[in-house]
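Got a structure here, written out as structure tokens. Questions coming.
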Amino acid sequence: MQTVLITGFEPFDGERINPSWEVVKRLHDMELGRVHIVARQLPCVFHHALETLEAAIAETQPRLILAVGQAGGRAEISLERVAINVDDARIPDNQGQQPIDEPIVPGGPAAYFSLLPIKAIVEGLRDAGIPAAVSQTAGTFVCNHVMYGLLHHLQQKGNPRIRGGFIHIPYLPEQAARHPGSPSMAADTVLTALELAIAIALNTERDLQVGGGATH
Amino acid sequence: MQTVLITGFEPFDGERINPSWEVVKRLHDMELGRVHIVARQLPCVFHHALETLEAAIAETQPRLILAVGQAGGRAEISLERVAINVDDARIPDNQGQQPIDEPIVPGGPAAYFSLLPIKAIVEGLRDAGIPAAVSQTAGTFVCNHVMYGLLHHLQQKGNPRIRGGFIHIPYLPEQAARHPGSPSMAADTVLTALELAIAIALNTERDLQVGGGATH
Amino acid sequence: MQTVLITGFEPFDGERINPSWEVVKRLHDMELGRVHIVARQLPCVFHHALETLEAAIAETQPRLILAVGQAGGRAEISLERVAINVDDARIPDNQGQQPIDEPIVPGGPAAYFSLLPIKAIVEGLRDAGIPAAVSQTAGTFVCNHVMYGLLHHLQQKGNPRIRGGFIHIPYLPEQAARHPGSPSMAADTVLTALELAIAIALNTERDLQVGGGATH
Amino acid sequence: MQTVLITGFEPFDGERINPSWEVVKRLHDMELGRVHIVARQLPCVFHHALETLEAAIAETQPRLILAVGQAGGRAEISLERVAINVDDARIPDNQGQQPIDEPIVPGGPAAYFSLLPIKAIVEGLRDAGIPAAVSQTAGTFVCNHVMYGLLHHLQQKGNPRIRGGFIHIPYLPEQAARHPGSPSMAADTVLTALELAIAIALNTERDLQVGGGATH
């Protein structure tokens, strides 16, 4: 039986919960078809988050790694297309670090593209009635940091059969209730979305040739 | 046993469903504490919607009337503060009528304020973890038309113990999946919100003195 | 020669300037066709603003009164359709007053519609290449307060040939430079817009029958 | 005397004008301090735009290249941080090409970071009262294509003293007048912004260490 590693973050930016962990923890130890899901929480701390992730990869030897994070203010499940080699923190992380324009991996490539079939996942979610879209930026905070670090790690390991990527999710309704005007998504909807994303990622050899771009 | 009348609309603007009816119909014939809920669908047609509503009021003799409608693009449950005496239709209604700057009730007052305890409902929903806000405009289409007509009808009847008002709700996720970028709210969340709104409306004598305004 | 009275506000909400006064003061003492323009500043203070406005009306005996205010976050010139009889202050005014759900005029009508040809002004501005729209709400702060009070005053005076209304304008660029993500409009563009609005208001007997509504 | 090459695009997406060319053409042949500015228009066509740009570079031997494009819907001058090696066209370009997930340069790096001092330019513009921000994505259409191609070209030439990058600008007011709700910026404001951007780019050795990031 193969393993899927899925990660969520601890709360940050004054929130009491992080929707990514609230949902991801419900997937822990589930079996989905022929795979076993392992869920882990990452600290919202530059570099320490990556050490935690890499230790979990070494331990669980997953075939697929899905990192999930909160995008407060977005209305949809966002399939991140690309991670860039820069930390530029608008707010401090959970240990007070606030790097500006520092490379995540000095000398590393400027960016990595997601190894997930992001178009197929967006189409599959929409077909299931779940709002989803390709996102052209994962930001420059710990989420982008983890996505870049994950893809760099996979590239270094050199096993092309291991896939990974990053998915941003909206606030939960209970968070948006304290941020007037903000969109949200119910935990059950996000849970279904993540199950579908895993299933599609495992069963899609080549991504769909459908549009998911932005004019700017 | 007293009756609460709650209404939703038929689909409009090219949608296959209307979230207001999808949720409201699930409340039909429910008993909530000491009240019996009757749900009715209104046509998305100027004037005809009001005739349908008034017939339902005559038939069911409700103590509370809650009219619910779709506000595609809004992220929260919106408690409408005021309805204005004008129809100005950006799109045609379901019978092709597209009035511009016509009074709903010729010679009627310029506006009516909601008879619901809108601040208490917003607070109650937020406390329950549901995004909600006071809205300063119900638009100028059939929703505002129904709210104005309902409040005019209640004012004409002159029974101060009968309350009524209007609540706008977001798209359902399955609708937002076809409107990229749009916020949505799960049907179960909206259902809980409407149950809470009914309970709070029935049990609040005087509305809370808390802010719900806008600078513009 | 007839007089047009145009008002702007003093700064509020922590701003160093108010774009309404920055632009309106440039119109003072101008002659536009056969009319003389008088510009006055209003304090951002409930009731005191109206006393100042009414004194200016008594002094200048204008044929047209245009009250202008800042709508930080809006992108267009907004022609307000309606003012409602309620003060609900999200922030304190410049004297620290923060009324909640108080009537502006106890016993007054719930609302007044603008006496300006708002559709004709929107069309005229767009034809001139200036972004403009009808707005269905002027909020519940001092701007709505002044619009309601102005229209109530005109209704009390009973001279149907005197017209008045309210126009909201965006931040100036120098304000938006300190509110990342906010739209703005150049002072020269706003100035042209106000001159056009005055000219159209003076020359339009009956407003255009064109749409300017909202579905919600 | 040194040369600065600045480019704007021809209109696309049904627009009659492109604000980038409307403003950029006004800079043609200007002298700014010790530099001479050359303005060129690029076609909104994948690859052909890059050929035009590279020919202009070969001809003018500029020390600084600033490519400017329209970002309809954005409110600020956007200093693009990064360009990615992918074309994913939401709409066809002006020759009907609509590539999906094709590399701009097959085998090229995943991304290039701007060679402009983007933080210093943002600070300088804001100090001058012009709304500006770092942007984390230039999209996946012809603008990103030109930014990527420009930076790839400069990297291939290997002259570290030649700098280049991309700036997105809002609609002009006359465009936003036909896109209700859209922000805009006056041509004069954009012109000043571009002059400042050139001056700052020429006079900044090391970019400022100030935040310009996004959490997502």
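A, B, C and D are the chain letters, set down in written order, and residue numbers restart from 1 in every chain.
One rule holds in what follows: contacts are C-beta pairs under 8 Å (C-beta built on N, C-alpha and C of every residue); 3 or more make two chains touch, one makes a residue touch a chain.
Treat the numbers as computed from the prediction; the structure is a model and nothing was measured.
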| item | value |
| --- | --- |
| Those chains which touch chain D and also touch chain C | none |
| Chain copies touching (chain A, chain D) - same or different residues, decided at half shared | same |
| Between chain A and its twin chain B, rotation from the CA superposition, multiple of 5 degrees | 180 |
| Chain whose mean Cα position lies farthest from chain A | C |
| Rounded Å distance, chain A centre to chain B centre (Cα mean) | 38 |
| Cα-centroid distance, chain A relative to chain C, in whole angstrom | 47 |
| Interchain centroid distance [CA atoms averaged], chain A/chain D, Å | 30 |
| Overall pattern in which the protein chains touch one another (line/ring/star/complete/other) | ring |
| Those chain pairs that satisfy the touch definition | A-B, A-D, B-C, C-D |
| Residues of chain C defined as touching chain B within the complex | 13, 69-74, 78, 81-82, 84, 86-91, 98, 100-101, 109-113, 119, 136-141, 143-144, 168, 207, 209-216 |
| Touch list for chain A against partner chain B, complex | 75-76, 125-126, 128-133, 172-174, 176-178, 180-186, 188-189 |
